[in-house]
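Letters A, B, C and D mark the chains in the order given here, with residues in each chain numbered from 1 onward.
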Amino acid sequence: MSPRVERQNHDPSCHTDTNLCMPEDIRKRANRRLAIARGHVESIQRMLEDPNVYCMDVLRQIKAVQGALQGVAGVVLKGHLEAHVATASERGDAAELVEELLEALKLTQ
Amino acid sequence: MSPRVERQNHDPSCHTDTNLCMPEDIRKRANRRLAIARGHVESIQRMLEDPNVYCMDVLRQIKAVQGALQGVAGVVLKGHLEAHVATASERGDAAELVEELLEALKLTQ
Amino acid sequence: MSPRVERQNHDPSCHTDTNLCMPEDIRKRANRRLAIARGHVESIQRMLEDPNVYCMDVLRQIKAVQGALQGVAGVVLKGHLEAHVATASERGDAAELVEELLEALKLTQ
Amino acid sequence: MSPRVERQNHDPSCHTDTNLCMPEDIRKRANRRLAIARGHVESIQRMLEDPNVYCMDVLRQIKAVQGALQGVAGVVLKGHLEAHVATASERGDAAELVEELLEALKLTQ
């Protein structure tokens, strides 16, 4: 996916020497919250089996799942900022990491 | 959830007389697309099992799912606008429907 | 910009016969709120004259203006839904109006 | 607004010793782009003086300004990440900066 080089072991939860990988607690927390979001998606699928379902009830539930996914994104982003971006100056890959982050957030101009 | 009154049968796919319900083709299309989004969520859950996963790869996939959900919301919204909002003046419930829609879109002020 | 045909005078505030134009109260309300948003933009411009300004203070103010613009968009959308979309079935231009609205909201798929 | 302590002079454009302030090139670039966005807001205000203006034309212009402001936010965020967040581990204020950033982006959970 996106291997990174020259990590200097700032992140004890990372299992390789050449990758910036996700802190384990963040990874598990994100996974738990994603499981909840998936359950929510499944409940909307069941709503959509009902011929009498009302459009706006479905739309509200979709918005709620989008909010839940935004929460997962926030967890992942927080982990990335603390574990990788905040240490980038020491590693010397700040420009690369910031560019990548802005692209992932669709905030490049 | 949100029963609506006095429908005048503008929507042949609706199975009750007192509800504005989702046009059947929209409901099935939304369900198919939601199934794809759910599969995408499941693939992110598998990514998160890998201790070497990179934060930004996860964040990008979450953004992709959010885009897919926005697509489902667009399908539902289009069906609602065409089947229910565009006929609201004839039924006399325009103000109520518009208010509800803006709230669901979080666009009230 | 975007002339519309065959209006049947449902909107008394519109000054032409061939355009769906914005209800006057909505137009004035949107203008007042836009003036406030513009004042807010000007205050951020003044913040940016100060060499000691802090990035996050600027970012927060930009977010606030985006919220204010979202409010203006909500005003305009509400007027459009009530004055034009809710009456579209009577005029016979529902499909066109809905398509255009989803595009403007960037919700087409 | 939001004074920060113990800066170690990583940012030569900052005029105080106790503030993390915006890099000068970022500040000027943000100001130029904000001036353009403000001109765009003024042109929408002129559109709204016209009784024949069409709702969707206004909505599209508001969306365009929101995109422009998102661009300014991206400029500011990039400067902040590179000048302040990427050096946070060296200064020892990573947790504080990350929390503040997620709040400003409304990504806290």
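Just so we're on the same page, a residue touches a chain if its C-beta (ideal position, glycine included) is under 8 Å from a C-beta of that chain, and two chains touch if they have at least 3 such contacts.
According to UniProt, the chain labels map to these proteins: A, B, C, D = Copper-sensing transcriptional repressor CsoR.
Just so it is clear, the structure is predicted and the values come from calculations on it, not from any experiment.
Colleague: What is the chain whose Cα centre is as far as it gets from that of chain D?
Modeller: Farthest from chain D by mean C-alpha position: B.
Colleague: So how far apart, in whole Å, are chain A and chain B when each is placed at the average of its C-alpha atoms?
Modeller: 23
Colleague: How many angstrom between the C-alpha centroids of chain D and chain B?
Modeller: Taking the mean C-alpha position of each chain, the two centres sit 32 Å apart.
Colleague: Send over the residues of chain B in touch with two or more other chains.
Modeller: Touching at least two other chains: 70, 73, 77, 101.
Colleague: Draw the chains as dots and join the ones that touch; what shape do you get: line, ring, star, complete or other?
Modeller: Shape = ring; chains linked end to end, path closes on itself.
Colleague: Considering only the defined contacts, which chain B positions touch chain A in the complex?
Modeller: 1-4, 13-16, 19-22, 24, 26-28, 30-31, 34-35, 37-38, 41-42, 44-45, 48-49, 51-60, 62-63, 65-66, 69-70, 72-73, 76-77, 79-80, 83-84, 100-101, 104-106
Colleague: Of all residues in chain A, which touch chain D in the complex?
Modeller: Residue list for chain A touching chain D: 10, 70-71, 73-75, 77-78, 81-82, 85-90, 94-95, 97-98, 101-102, 107-109.
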